[in-house]
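Two complexes, one shared chain (subunit A), two partners (subunit B, subunit C).
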Partner chain A sequence: MFSIDLLRDAVVLGVLLGCFYAAVSIGLSISFGLLDVPHVAHPAFLVLASYGVYLLNDSYDIDPLLAGLLLTPLFFLLGLVTYRLYHETFEKRGSDAAVRGIAFFFGVAFIIEVLIILQFGVDQRSVTASYIGKAWRFGDLRIPIRQLVAFAVAIGLTVLLAAYLSKTFMGRAIRAVAQDEEGLRLMGANPVRIKQVAFGIATAVLGIAGALLIIVAPVEPTLDRVYIGRTFCVVVMAGLGSISGTLIASIILGVAESIVLTMFGASWAPAISFALLLGVLAVRPQGLLGR
Partner chain B sequence: MNRRRVIGWAVAGIALGLMSVASAEEPPIKIGMSMPQTGGLAGGGKASLLGIEIWRDDINAKGGLLGRKVELVVYDDKSSASETPALYAKLLDVDKVDLLFAPYATVPTAPIMPLVKQRGMLLMGNFSFQVNSKVHHDMWFNNAPWGPADSWATGFLTLGQKAGGKTVAILSADQEFAQNIATTARDVAKKLNLQVVFDQAYPPSTAEFSSIIRAVNAAKPDIVFVASYPPDSAGILRAVNEIGVGDNVKILGGAMVGLQFGAVMENMGSLLNGVVNFNTWLPEPSMYFDGTKAFFEKYSKRAVQAKVDPLGYYLAPYGYAMGQMIEEAVNATKSLDQKTLAKYLRENTHKTIVGPITFAEDGEWKESATLEAQFRGVKDKNMDQFRSAGKQVILFPDRLKTGDLITPFEDARNK
Partner chain C sequence: MQRSSIVFWTGALLFLAVVFAMTQLLRNEYPFFAGYVILQFVVLSVAWTILGGYAGYVNFGTNAFFGVGVYTAVLLVQAYKAPLGVQIAAAAVVGSLLGLGVGLLTLRMRGIFFSIATIALAIVIETTVTNWRFVGGAAGIQLQRPPVTAPFDSYVKMLFFVQALLVVLAVAITRFIQNSRIGRGLHALRDDELAAECTGVPTLRLKLLACVISGALISAGGAPAAMYVQYANPDSAFNLNYSVSVLAMSLIGGTSHWIGPILGAVLLGTTQQFLTVTISSEINVLVLGVMLVVFVVAAPKGIIGLFGKSFRSGGRA
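Moving on, here comes the complex of A and B:
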């Protein structure tokens, strides 16, 4: 089954899907890509943010995106606390800390999952907004508005974060700590504090990404498991720490998945992420835009 | 009688009394099971367990079974097929339970079938689909109204054909339950001379369904048969609403698990309108039997506290019915012997709150009571609307029918 219309629709829907993947992966690009923190609890924080958005939307009728924005300061603080805990218990104790740190973040992910189940139960939750469940028509092409929202927010987040990391003092410090922590220490800066702020930013971004997650589809407590593979795949394929690379890798992944889902059979879709990852790493071991 | 002798008699009397109390207080009858309480199947698992617990409390209030209290031994299987074999081995070898109930759903049940058969245990199935078709365990009794394997697809595809459908699209989740259903759908389509124009299995990790629904649309089917699991059903319907499946579709739905649960129905709201989907119990006039109303009065009160599905139509009454069948068999045979109980269950019709149940040779219901019902007039964000008749009109089977199909699908969505 092949037609130009079908291919066009698959590409358009794939770009939108890719931008959504970028939004949910961009925080990990900072925490794992720049800071080398094995943050496997990233998708659990993402789902936690979605539940926060659900609570605000359901109880106070606040628009999901605005609710996500309201959550960002809280998630910034959550990020600061989490990193400090990780640093004190694992990171500062030696070079094999990263490996043991994976256990720490797996534990955090399970705790978040259980807390969500205790508070909200196991049922799916979703939000209401005027742009959910509707589509824009362009001829015979229909585009879900919720996906356009994800697209716009992902582009906005990428531009803002890329500008922050390259134009501001703290942003440059974060890049510096990623490149040469020891050098930064010799210049009198406190790399732990800089990494803590960076981790806070990476977590704060999840407030908005969590809003997108629940806008795009209903959430349930164990949804984080679906996103672990995808988000890490995007970040590694992008090149560790590359914000713009994250957007490009996500779009490539989204378009590839969409074309496969539409034209070659849905069963093959999960293999696409990792086939692409292997392909990219074989040609460019540092990732698409890696350092 | 001197003082020392009085004390001696008193001590002896107390000891004798304690011994007789101990012999009168027989150990409880243990019923063991795993149940999904976390993971994708937890919503159903918790509701099912609550139905079973209500039965346990009712039977214990009546004095238990054979004069012994009934105790449930329950473990969380995390909705995972890899957990259940070890849990059931533990139930048999460590907890030494007297009877076994299966966990909710096909995926966690399938791996325990060989173990249960090997140990010669009777197993009350709990909404799994065709898990005994290859194992052939003669003490398997599936507590689910599916009946013959092709009943789900037959009901839905027959309705579609009567509405003028000639072509069918089959969209299914890539896992045990949905694949079994999809296989029967292909067979039934062949029998009914329906041409399959789209047939795909999507992976359980699929995050977004727009692309898949676009592909279904391109195939221009008359009938869209969907076999999906809870996390996906909502995503598929949302994509159907946004992308559209085409004006020629007469009927859409069939085997979408999830749309039976209160929270999902409330969340989906008006997006449900027009969808024809399977169900097991609905508050329609044809579905009330002895004890049904009293059960739901108890369930509604306890569901809030237990944070489970407030409606509980899909699984909870069947959990209760599972207990009722064991109660009837044990009381009639005065035995806990697995073979004796199995013989009784196989040879009799059982009166339950979900209606009379008779088992066929393979342990499935002799006659299917799988409902195909159409959502109508559903409003957004309103759980209570689903408690009244008319929101899910039963189209199939004929003996339980409460209305006719509205078609095509696009028209039905606006009703």
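Moving on, here comes the complex of A and C:
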């Protein structure tokens, strides 16, 4: 039944969910939004990070968030290597780099999926921590603490990254390379190195995001397929590369999904992000806050 | 008729004759079971190449067209007990309409945006089918095969022959496109859409045409799958594996000539059948991923690119 109370609850939970989506999309906002790398394997890396967190939590009883933090240097390296490979094989060779790049990243995503299946099987995996499974009550609204944790970390992550991109020297260099690569080259800087670092950061963030993913709900190897829609929806809707746009777009997506979930049921939920994405692509391809 | 055409049609008839002879002579059903899948992938890859190769619009929504083909067949069987031929024809019509829709929706998109839009479309359609009770919903639906018609003694053999007919149809259409003004126009818009438009190539009409034909053929190729497995559910009919398999087959073979996707589909399809039987379906997907990555990195023009000039685009064959 539809009621104002129900709608209010859906909106509140949707905002929390949306901020979590911002955390998992923000890396793509850098790699695809700023660097134009068609990184379809982004969600696969995300799920890979979740399994890394699961492994650390399961065998050494490390807190999932700490585990995610421990993974970031590894993922930074993974990002450096991935970008170098992409650059050497596609960007350097010119014209149809984007098209073959998507095929390449799809292949990578499939390889990661299968490796996870071979190692962990197809069952769902989850982590244990003191804050998982409890909830806060505000009147008749029940908010799981795991959602609040994800919300807080996501906000922190977004603010930090936005500050990094606008205040630090390297951050500004990254935005500069997105705007005018040739100009940067003329200034004597090396755009490829800057992009490589940026891609490394975009991938490193996935360590934390992967922790949030497995904190919010159990993960399975093929979970990345749904997140292709969610992450690309957010980044395109945000206007490529806009960090504040990413947060706004994520919240819109979260609220939309949450409302549809309450009113029509879970079976319609996967289509929301993709339908929004289609709509945005068809009507306003430059996004809400397009560059 | 040109000499190359005579060679082509002789080859096509010979192929059909061999396939027909196989259905009459071989008793064991397994080769037809495995062969059907390979022929199906030949149809899908060749059809995909019209849009993805000639026009350079990489369609990741192969599963959307495939699934729509499957479910058109399911719907017709459920509602009217329609025969196989009607199922395939109807799937082609629905597929062409979907292709038109995709073309119109994505007019302003290029490169990765087009690809992402096609993935999105596939999921939206899949979700709609999942929520459609009449065709089984999420749980899927069992289908009863009608009695097989002579001269075939089993339904799988008949499906094998029908799929072989679709292969010839798809290849003939694709070959015609490649050698005609349409193919040259698509080639021009692939290289530089703006320049093509400026020199008078009707890029919009050609793009829509490519979407329509490619979509119709993929859906037609998918339609018999409903009867092949006698079961359909949204998860498998709209599986992303179809998109990636077809993409891999086309890219591995090479997309500038119709022979490329055939080579890729036969090579990869056979490997997949072999691996699924001997090891496991996970290894199968792993090999798919690895081959895709290796070929895209090491042989961007595919197998036909390795064999030099004779198969370069634009050359007649």
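Criterion: the second predicted complex is superposed on the first by the 270 of 291 C-alpha atoms of A that agree within 3 Å, B and C clash if a C-alpha of one lies under 4 Å from a C-alpha of the other, contacts with A are read in each partner's own complex, and residues count from 1 in each chain.
Throughout what follows, a contact is a pair of C-beta atoms (placed from the backbone, for glycine too) under 8 Å apart; a residue touches a chain by one contact, two chains touch by 3 or more.
From a predicted model like this one, the values you see are computed outputs, not experimental measurements.
Of the two partner chains, subunit C is the only one touched by A:Gly107; subunit B is not. Comparing subunit B with subunit C, more residues of subunit A are touched by B. Of the two partner chains placed by the overlay, only subunit B lies in contact with A:Asp123; subunit C stays clear of it. In the superposed pair of complexes, A:Ala282 makes contact with subunit C only, with no contact to subunit B. With both structures placed on the common chain, the touch criterion links A:Phe274 to subunit C but leaves subunit B unconnected. Shared-chain residue A:Leu7: touches no atom of subunit B or subunit C.
Of the two partner chains placed by the overlay, only subunit C lies in contact with A:Leu115; subunit B stays clear of it.
Of the two partner chains placed around the shared chain by superposition, neither subunit B nor subunit C is touched by A:Met170. Shared interface residues of subunit A, touching subunit B in one complex and subunit C in the other, are 113-114, 117, 229, 267, 270. Taken in their complex, subunit B has these residues touching subunit A: 37-40, 42-43, 46, 174, 200-203, 205-208, 210-212, 214-215, 218-219, 230-231, 234-235, 238-239, 241-244, 258, 261, 263-264, 267, 271, 307-309, 380-381.
By the touch criterion given at the top, residues 56, 58, 60, 105-106, 108-109, 111-113, 115-117, 119-121, 123-124, 126-128, 130-131, 138, 240, 244, 247-248, 251, 282-283, 285-286, 288-293, 296-297, 300 of subunit C touch subunit A in their complex. On the subunit A side of its complex with subunit C, the touching residues are 38, 85, 89, 93, 96, 98-104, 106-111, 113-115, 117-118, 225, 228-229, 232-233, 236, 267-268, 270-271, 274-275, 277-278, 281-282, 285. Those residues of subunit A whose C-beta lies close enough to touch subunit B in the complex are 1, 3, 5-6, 9-10, 13-14, 17, 20, 113-114, 117, 121-126, 128, 132-135, 142, 144-147, 216-218, 220-223, 226-227, 229-230, 257-259, 261-263, 265-267, 269-270.
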